[in-house]
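In this document, chain identifiers A, B, C and D correspond to the written order of the chains, with residue numbering beginning at 1 in each.
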Amino acid sequence: MSYIEFRNVVKRFGDATVLDHLTFSVRQGDLVTLLGPSGCGKSTLLRCLAGLETVTEGKIFLDGTDITDLPSSSRNIGMVFQQYSLFPNMNVEQNIGFGLKMEKCPPDEIRGRVRDAVALVELEGKEKAYPASLSGGQQQRVALARAVVMRPKVLLLDEPLSAIDAKLRKSLQQRIREIHKELGLTTIFVTHDQDEAMVMSDMIQLFHAGRIEQAGTPISVYTAPVSVFAAGFMGSYNQIDGAVFSRLSGMQIPPEDMVAIRPETISLSREKTAQQGCCELSGTVLDSTPRGNVLRYRLQVEDTEFRVDVLFRSFHLFQAGERLWLTIPERDCLRILKGAETA
Amino acid sequence: MSYIEFRNVVKRFGDATVLDHLTFSVRQGDLVTLLGPSGCGKSTLLRCLAGLETVTEGKIFLDGTDITDLPSSSRNIGMVFQQYSLFPNMNVEQNIGFGLKMEKCPPDEIRGRVRDAVALVELEGKEKAYPASLSGGQQQRVALARAVVMRPKVLLLDEPLSAIDAKLRKSLQQRIREIHKELGLTTIFVTHDQDEAMVMSDMIQLFHAGRIEQAGTPISVYTAPVSVFAAGFMGSYNQIDGAVFSRLSGMQIPPEDMVAIRPETISLSREKTAQQGCCELSGTVLDSTPRGNVLRYRLQVEDTEFRVDVLFRSFHLFQAGERLWLTIPERDCLRILKGAETA
Amino acid sequence: MNRRSRLFAGIFLILVSCYLLLPFLMTLVYSLFSEWTDILPHGFTLRNYGNLFSDPEFWSSIARTLVLCAVSVLLTITVLLLAMYVIIAVNRNLRGFMQIVCMIPYALQGVILSISIISIYSGTGTFLSNRLLMLFGAYTILVLPYIYQGICNSLNAISSETLLEAAQVLGCGKFRAYLQVIIPNILSGVFISALLAESIVFGDFVLANNIAGNNYQNIQVFLNRRMFKSSGLASAIVVVIFAVVLLITGMVLKLQKPQTGRENG
Amino acid sequence: MNRRSRLFAGIFLILVSCYLLLPFLMTLVYSLFSEWTDILPHGFTLRNYGNLFSDPEFWSSIARTLVLCAVSVLLTITVLLLAMYVIIAVNRNLRGFMQIVCMIPYALQGVILSISIISIYSGTGTFLSNRLLMLFGAYTILVLPYIYQGICNSLNAISSETLLEAAQVLGCGKFRAYLQVIIPNILSGVFISALLAESIVFGDFVLANNIAGNNYQNIQVFLNRRMFKSSGLASAIVVVIFAVVLLITGMVLKLQKPQTGRENG
């Protein structure tokens, strides 16, 4: 049974339709990512769920209750904003305890739960510090603690890491994931960064222009995109016209299809391997660039350029100009309808 | 012969020493990246070279001339700033032509060179647009054109891409690299993002606390870090105490050393492979996370946790709890002095 | 509940605006009717406006006020733009000092300023003892903090220091860069603060009366003299002044709008 | 060249500050010396200050001014904080309307405001025709735009709308969140604008003279009456007022400093 449910939700700002008859649901305990380019409506959806925007049409259910018209303060939802939004006049402890005080918790219980929350985000020793004296990453951890200390029915994270440095971002992604597992909180995470979505999520909802383009586990969305948009957004797929690929590989692809091949599914070798279920193409190395722990080669195969990713190991180093064989498993040559971008 | 040379440069702001007796040089035509965490002095170095800050001690040479005391406007240097810094009251054409007008170029020549620069950054059709109507990426391309149109002796890029979205950033990295190759301009690029430095550079100068920690090609800095700081900053090296690693692997490592192993050099398999020159450890899969086109496994080997990266291919998928063999080539077990962080 | 609080909001704001606008509306009524003894006024007339517009003294006092506005505001803008160049391009540490200097006129208002100025310069017998010159000088001081604030805000909004650096790297000298790059970009902001300053000068009575008095009668001095003769005529003058200043203020608001939009975008 | 332009900068700023400070310095000298016929003044005396401080009317006029300041500024702050709640929490579209309303007092300065108020309320014979009440009302209008600007800037500086949303999600009602989260965070900013407004009220002569006159003599009215009797005494009053207002302004500047620092950090 679904824990959170959007039924046919429409949101318009003036003439602009930001959410277009959206229906989707979230299971209890999942960490779901809303992924999409900026302006696709993913943050608006989150704000509708939090009660910070009213929906134009449709219904929102949480744990079996219709919350469409409930005020924000009665929804029992935790939220972390992009800009931290800590209360500047309160120290870490007071910020985290604010919601409990609103609930009229007894002071002893507040003290205990705040202590646990501080420990959860590893900020022991900073209890008396004010937000202005904390780094961005620390502030965001306080905001996280302030949200989870309320034991909300659902935790909403609205691009919480986009203002934070690359190195620190990775460790906070890890921490959020661990906290999610530890507390079992149903969590909705909004981001425009596909790598982040891959690392964090149980389920990805890929947004495009106010609608959901594709939904599924990170691996299924990544390995089986349903449209040209999804293939372009989720990875750096080689997208090749069906007719061209038929000519290069000898496989039979209808010309109205595109073929999408992930760069890391292609193997490179100096000799032909003649593997079962694979097609082999001959190409010339144009150049290589190190990307993290992967080397990306660009190869010219007749009139078409291929990108191939291999692990950064010494026996994988090829020179520009070398003639190599590209081995592509046939099951990794995905077929996508050309017109699918407008879906 | 070196084209740009810093000799014993010191820069102090009040009591704080930001550049600490720095000596280094750049060859003509190279794209050199100054890489380091924020506050390490890399931007200050760039600003000293541009003449926007005066150095406290030392000399700076460009193309054989001492430019230490030259004003900014006479150094013949192109610069792109993090915040675009286009002139808001001028359109794209006027922005790009501004420097040429200052040089009193004839109008015909200005028109031609501006047209070429617009084409170089692929902004045809936007010549009459004003900065406020352009996206961040487009503004930064205008800033780039405005700098290269002057045919400067050296092009300085001060974190030009850090305010730009992840997707767009990658394509601009590519474009800057191509323009550098096309024009052969000596270029100095400042960034705090190690992946960006790997993609862009001919040479990396790794900064740490006002000094250069390590210099070399991206591949040499990445594969052979000289210190714990460099290993931590350049990749997600597994860093293991020498004594512990000796016990696990049977190799003889002095206990005052650390062993650093890149996660992508380790191979995983269900059967023991008994490869030459490798050590093999047995471990249990804890979990896996997709990171871009790589799957990162965490494995428990006795009391030590290892991170292992493998390409995202279907035959590489292992389950949590599986018992696997880790094969590590001995030449990829780097030894680093423990005390080296303070170097 | 949302609807109730919106209703409350509307009523509250209407009350506040009534409180602010009532004096003016009543003055308007006074100026247009000859009698108001009952609950409703009667005897609609434009006589007061006829008298006013046919009075040559009215027109000359308006002209004098406009000259005062223009000269003092332009002078202040020129001096401050030069001073800000010094601060941005030569020595940023002077900004604090400049801010203190430009706040002083807040403390030097009305009576104090006029007394001080008269007591120093009137006895000197030099060209400085010219009352008109004194008045221009006094207004220059009066508008200083408003224009300073406007210029400062505009400079911050365009991150002027980076622009100046960008221009320098492109081979442009500092002062030239200030003239050709910075000033064109802050002109609209400076214009807005100038308009605000004009409305301050337009509304001044104390300085004009104490320093120049009959020698150079501005519109407020003219008003003050007329108000004892005919309350209807005085009301008409108030309506005219109010309309002019409201026009200026309206222009300020209209000009500010796109600026705010750009910040958001 | 750098050294020369720094020298030029220094000289330029010194000239500007002389221009601004000279009137005050001369007044100080006037108040401290009995004669100034030669180039240098002579006959140092504190008699003017002695006379001033022993005059009970001086002290009561100071007290009246302080009461006027406090009441009008507090009233305005209260009304505006309520109005801003309506704008932030209930209907953001009203902000433009509010801004226009709060700019109106720029157009309603001095003579106009006093004439309008007197002409409406003085004849009504109700409690509104009380001159003192009118004066408080007039000052409330006078300080409105300054305090509005201060509150607005403070609200923007803390991104109040997000804070309000954060508090709501944590189970806090809107109005309660405004009182407990927003207001404590803007208090220092509001305090600064209040001080500025105080210095405006302190410097006013026209309203106090036209509306209340002898009934409720504030410090500026007191000064204006004394200046015709003894120029030395008048100078002493100017120095005292100036010192008080400078003190207020100094406090404003001191309070503003840490705020700026936080923005950069």
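Methods note: a residue touches a chain if its C-beta (ideal position, glycine included) is under 8 Å from a C-beta of that chain, and two chains touch if they have at least 3 such contacts.
What you see is a predicted model, and the numbers here were worked out from it, not measured in a lab.
**Student:** Name the two chains that are joined by the greatest number of C-beta pairs in contact.
**Tutor:** Per chain pair, the contact count peaks at C-D.
**Student:** So what's the Cα centroid distance for subunit A and subunit C, whole Å?
**Tutor:** 54
**Student:** Quick one: report the Å distance separating subunit C from subunit D, using the average Cα coordinate of each chain.
**Tutor:** About 17 Å separates the centre of subunit C from that of subunit D.
**Student:** Using mean C-alpha positions as chain centres, tell me how far subunit A is from subunit B in Å, no decimals.
**Tutor:** Going by mean C-alpha positions, subunit A sits 25 Å from subunit B.
**Student:** Linking chains that touch, what shape results: line, ring, star, complete or other?
**Tutor:** Chain contacts: single closed ring, each chain with exactly two partners.
**Student:** Determine which chains touch and list them pairwise.
**Tutor:** Pairs satisfying the touch definition: A-B, A-D, B-C, C-D.
**Student:** Sort out for me which residues of subunit D touch subunit C in the complex.
**Tutor:** Residues of subunit D touching subunit C: 5-6, 8-9, 12-13, 16-17, 19-24, 26-27, 30, 79, 82-83, 86, 90-91, 94, 97-101, 103-113, 115-117, 119-120, 137, 141, 144, 196, 199-200, 203-206, 220, 223-224, 227, 231, 234-235, 238, 241-242, 245-246, 248-249, 252-253.
**Student:** Taking the touch rule as given, give the residues of subunit D at its contact with subunit A in the complex, in rising order.
**Tutor:** Its residues touching subunit A are 158-159, 162-163, 165-174, 181, 184-185, 262, 265.
**Student:** Which residues of subunit A touch subunit B once you look at their complex with the stated criterion?
**Tutor:** Spelled out, the residues of subunit A in touch with subunit B are 37-38, 165-167, 177, 192-195, 198-199, 218-219, 222-223, 233, 235-236, 262-265, 289-294, 309-314, 331-332.
**Student:** Write out the stretch or stretches of subunit B touching subunit C in their complex.
**Tutor:** Touching subunit C from subunit B are residues 50-52, 71-79, 81, 83, 85-89, 98-99, 102-103, 132, 146-147, 150.
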